[in-house]
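Have a look at these structures, which come just after this line.
Look at the two complexes coming up: subunit A is in both, with subunit B in one and subunit C in the other.
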Partner chain A sequence: MTEADYPTIKGVNSRIAVWLVAQLHLWFGAFVVAVPMFVFIIEAIGMATRDERYDNMAYEFIKVSITAYSLTALLGGLLSFSLVLFYPDLFKYLSMIFKDSMFAYALLFFAESAALYIYYYGWHWLQGGNKKWVHLTFGLLLNAVGCLLMFLANSWTTFMMSPAAVDAAGVFNGNTWAAIHNFLWNPLNIHRVVANVAYGGSVVGAYAAFKFLSAKNKEERAHYDWMGFNANFIAISALLPLPFAGYYLTAELYAYSQQMGITLMGGVFAWLFIIQAVLIGALFLSANYYLWCGMGRSEGAYRYNPRIKYIAIVIVVAFLVWFTPHTLVLTNAELKSLGGPYHQYLGVLGIMPAKNTAVNFLLAFTFLSFMYYRRANKIATVSWATTGNAIQIALFAAGLLNIVILGVYHGYFTNTVYKVAASIPQVLTTLVIIVASTVIDAFMYKGAKEVAPMRWGRMPDRSQYALFLLAVSFTWLMGLMGYVRSGIRQHWHVSGIFRDSSPDAFTPGLGYAANIVSIGTILFMAMVIFVFWLSTISGRHAVVKGYWKEQA
Partner chain B sequence: MINFLKVSVFSLLMVGAFWGFSNFGIPQIKPADPPGEAKIDLSNMTMEKFIALGADLFENKGDCALCHTGRRAPKLNKVAANADKAMKDPAYKGTAKTVEEYLRESMLKPSLYVVPGFGKKGTNDTESPMPDIMGAKVGFNEIEVLAAIAYIQDLSGSEITVQIPKPGAAPKAPEASKAGDCKK
Partner chain C sequence: MTMTQKRRIPRLLQFALIVLGVYFSFILVFDVLLGQLVPKSLLTMYMVFVVSGVVMVFTFTEESTQELVGPIKALVEDPSKKMLRNVVFAIVPLLAGYYTYSSMVPSFEAPVELRTIHPAPPAKFKAFGKSFDLTALENPFRKYEKEDPAKFKELVKAGGDVYIKNCQYCHGDKLDGRGPYASGLNPTPLNFQDVGTIAQLQESFLFWRIATGGPGLPAEAAPWISSMPVWQNFLTEDEIWEVILFLYNYTGRQPRSWAHE
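Moving on to the complex of A and B:
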């Protein structure tokens, strides 16, 4: 193929157009796939506890996603047209391989639309007794179809990275399932499911924050404070396992192609992970800050306040370690002055084991913040509360020590080849801390005494900006990681099979990518505000006297 | 309305901060342009120039230096010295008789012999992770393969046995991509 095989439209840059549309479609798609997941869980919690507040909150969440659903479909259509217009040969090639799944994808949209509309419009109709079960079943169906749609689309994306069922020259052998079930399909599926939930939580958190700031009375403020808390909880719950899903995806990427793995983690993309560290640092800091502000809702939380500053110090230090670059790009004079490409003292923090240690500390201490918040207005009444606390302290101490030992040993006392070997045991240690502490806490605080009531709505306005920061950082981060996922294919449409011969075949640099991601984020935020506004006006009724003719 | 403006300004400032850091807070490295079919002038080609061409291909078009550091793939500074030993190894499945033939084989059919410890995970060193350098992924032509062999022979201190192709020799094209051809 040559440049002439790529149609152009005057004044439109094909790649930027497709990039922006695909990214917007993905942001909205992630949101509308994620929201029904936690709406389903919240509705089920409401059914189990018979607490109507959960039902109302679940309904409000799904209401927000309804308009976003239409926008997702519109952007999906626009993406298809853009691909047909600007990349017809690539689209033809992919269509020939994935014709069956593409047709199924289109048909599944009907099923998803039907499930979503029945779920949403039938919410107040299907209430109580068996009807509620029927309603919940539609929620389950909606989630099943939503995930299936995402998995199908993921297979087309991952095929472009790790093509299967084709020979070295790209000729398809006819095995559609093998093409779908390519090497990176499942790692990306897992990563996207977890990331979508965290992302969906952050966007509805921003919605709740906006409504909180605009609340007219105490009741509204309390309602949206509670909604914001739950949204942040959802975002953090998914944010904690997200780095593990990321590790898995990256490890599989290396297993598939070392060349692709090295391109991802080294060379021009190496600095991308410093930007990623800034964004994830912003995510963790904002999520923790919101939790700490939330402790002001109950007088019972004051006893934990002195400890917060230590958690904050650990989180900031962990963030700075993660932020430390490994190799610096320096001028000759700077190199001479520094004595090499690594800083004398800070250079040791730039390697992967140090960063893995920092990330696991970030996760463990964010979980600690959440545990303090959860205990804020409670006192355990079980006879073994002291022992339980001691076990938890021992668990944290031993776990954190283990993470440090693993990081130091693998980082500084082993061969280079084994440097990443610390990551899996470190991750498992953090998971043990989180899971075991949660189990102990659940039993220890069963029937706990309430110290002081939770005063929903008693939150400073500044705390709500933490929720906005969470949503903005997440959106920008998704855009950035989308760029690198696609960028590691370099000058290939389909890695090693179908070369990109267009004038835009070059790999864009980080600054260029940051420009596009920023434009995309601003467009997305504007569209999301539009969605929020629509969901607000849908509940308004203006009574205009004298406008309508009086009926007899 | 005030809240809307405050929230919008805050969000824009955050986006601006991320954008600014990405553009001015880190070094801007321009990724290499996609490798093209460079015209090789063989009329004034000396062995020195031919080796330099091989070095350039090794570093850039082939991206060989990314892996051949001793971490993910063996260093190549002793490959010629070790070639005889490798060809006598029971695990060797090739037919090469000379160092040059062995190097060519290793580049075009890397799985014929995998240096212990550098095979694909789970294959017990029977399958190499290295692609065929004349395949679509790397895309070397015949002249480029010869230049790469000359460079590696020079790098590993071996006698350079490669003959510089005569001017006008058509470079045998790499394997063409047939993406788009599907079984009906």
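Moving on to the complex of A and C:
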């Protein structure tokens, strides 16, 4: 193929057009796939506790996603058009291999829309008794179809990275399932499901913050404060396993191709990972800050305030380790002084074992913030409260020690197989800390004495900006890392098989790529604010006297 | 609250003291005590997050926030502070101007470069008149490590000889990248002792880099600056594999692999 095989439209850069449309489609897609997941869970919690507030909140969440749903479909359509227009040969090749799944994909949209509309419009109709169960089943169906849709689209994307069922010349052997089930498909599926929930949580958190800041009265503030808290809780819960899903994807990528792995983490794209590190740090910092501010809702939390600074110190230190690059940006004078691009002492913090250790600390201490928040307005009355606390402290201490030992020993004194593998017991340790502490807490605080009431709505405005920061950081992060994932194919449409011969086959500079992603982020946030605004006008009724003819 | 009455140092001053304290601690520990400076780019990022952390701790409660911003508000609003306000309002723009000037003024310092230290290898490459597939390429001598340790030792020794005759001039006799010629090169030769260099790479990567040298670097992310010679012109295929054995053996590192021992 030559440049002549790529149609152009005057004044439109094909790559930027497809890039932005695909990214916007993915952001909205991630949001609308994620929201029904936690709406389903919240609805189920409401059914189990018979607390109507949960049901109302679930409904409000799904309401926000309805407008986003049509935007997703519009952008998806625009993306298909853009691909057909600007990259017809690639599209033809992909659709030749994936024709069955593409057709199924299109048909599944009918099922998705039907399930979504019944779920949303039938919300107040399907209430109580068996009807509620029927409604919940529609929620489950909606999620099943949503995930299936995403998995199908993921298979096309990962095929372009790790093609399967084709020979070296790209000739398809006819095995559709093998093409779908290519090497990176499941690692990406896992990563995207978890990330979507975190992302969806952060976007509805921004919605709650938007409504909180524009609330007219105390009740509204209280309602949206509670909603923001829950959204943040969802985002953080999904954020906890996310680093491991990402690490798994990357490890598989390295296993698939050393070339891709090095391009990603050690080569041209490595600097974007430094930005990623900064944004992930921003996520953890803002999530923690929101929790700490939330302790102001109850006077009972004052006793925990002096401890926050220690959590902050650990989080900041862990974050500095997480952020430290292996190859440093140096001036010539610094390079001469250090004797090379690696730092003798800080260099060890630059590779993954140090990062994994740091991120486990970040997670454990973010969870600690949450535990303090949960205990804010209560005092445990069970006789074994002191023992319970001691067990929890021992659990944290032993777990953190184990994480450090695993990270230092396997990270620096064994070979790569063990180095990569050690991340799994590290994660499991963190999960054990989290799960065991939650179980102990649940029993210890059963029937606990309330020292002061929770005053929902008593939150400073600045805490709401932490929620906004969470959503913006997530969006930006997804855009940058999505670019990296796609960019490591370099000058290939389909890695090693289908060469990109367009004028845009080159890998753009980092600054250029970051600018495009930032423009995308701004466009997306503008569209999201439009969606939020729509949800506020739908509730308004203007009564204009004398406009309509009086009916006899 | 009683807490505020007990506190002696005002919040804003505390804030400044903590930030400056952390900043100078970094300088003291790394630049002075350890003799390995913290690069300016890194220290700037470190401080951004230290400042964020301190701001978060100082503003998560309402009282503490008021205490922190109180003096700043007073400076702007309090009529009795007119003199101080004028001074501050004159100094802040001057500082901003000085900062802008000093960061924009032309200098003889070369711009910093974001060189990628591990260039991405191609999937296939040509050397010694044949084609190598990097994804499947393995060190033919690695198996002797278990099968015939005596032979392995010999091969490592042979690799050591190759290294001393050819490589140590730049990469150093301790493999730390500080050979006699190292100071004349930019970027400096790779330090194999570092945990993040050969320990992170498969042997096939090293084979490619050694055999094809600087000119063999990929078309992506060009132009490269590497003075690594094209060693296939000077060494045999076996000699390259032997020197790779030596590099790992001497540094005590293991090549990246996907198989358990």
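Basically, the second predicted complex is superposed on the first by the 531 of 552 C-alpha atoms of A that agree within 3 Å, B and C clash if a C-alpha of one lies under 4 Å from a C-alpha of the other, contacts with A are read in each partner's own complex, and residues count from 1 in each chain.
Criterion: a residue touches a chain if its C-beta (ideal position, glycine included) is under 8 Å from a C-beta of that chain, and two chains touch if they have at least 3 such contacts.
None of the values given here were measured: they were computed from a predicted structure.
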Contacts of A:L346 with subunit B and subunit C, given as first, second, both or neither: second
Which of subunit B and subunit C A:W292 touches, first, second, both or neither: second
Which of subunit B and subunit C A:Q551 touches, first, second, both or neither: neither
First (subunit B), second (subunit C), both or neither touched by A:N130: neither
Contacts of A:P508 with subunit B and subunit C, given as first, second, both or neither: first
Which of subunit B and subunit C A:S214 touches, first, second, both or neither: first
Partner chain in contact with A:L469 - subunit B first, subunit C second, else both or neither: first
Contacts of A:T2 with subunit B and subunit C, given as first, second, both or neither: neither
Contacts of A:V494 with subunit B and subunit C, given as first, second, both or neither: first
Contacts on subunit A seen with subunit B and repeated with subunit C across the two complexes: 255, 257-259, 262-263, 266-268, 271, 278, 329, 416-417, 490-491, 496, 507, 510
Touching residues on subunit A, where the partner in the complex is subunit C: 255, 257-260, 262-263, 266-268, 270-271, 278, 281, 285, 288-289, 292-293, 295-296, 305, 308-309, 312-313, 315-316, 319-320, 323-348, 350-351, 412, 414-417, 460, 462, 490-491, 496, 507, 510
Partner subunit A, residues of subunit B touching it in the complex: 3-4, 6-8, 10-12, 14-16, 18-19, 21-23, 26-35, 63, 66-67, 71-73, 121, 129, 131-132, 135-137, 175-183
Of all residues in subunit A, those that touch subunit B in their complex: 89, 92-93, 96-97, 166, 168-174, 209-210, 213-214, 255, 257-259, 262-263, 266-268, 271, 274-275, 278-279, 282, 329, 416-417, 465, 468-469, 472-473, 476, 490-491, 494-500, 505-511, 513-515, 517-518, 521-522, 525, 529
Subunit A-touching residues of subunit C, taken from the complex the two chains share: 30, 34, 36-42, 45-46, 49-50, 52-54, 56-57, 59-62, 65, 109-110, 112, 114-123, 134-135, 177-178, 183, 186-189, 191, 194-197, 199-202, 204-205, 220-221, 254-261
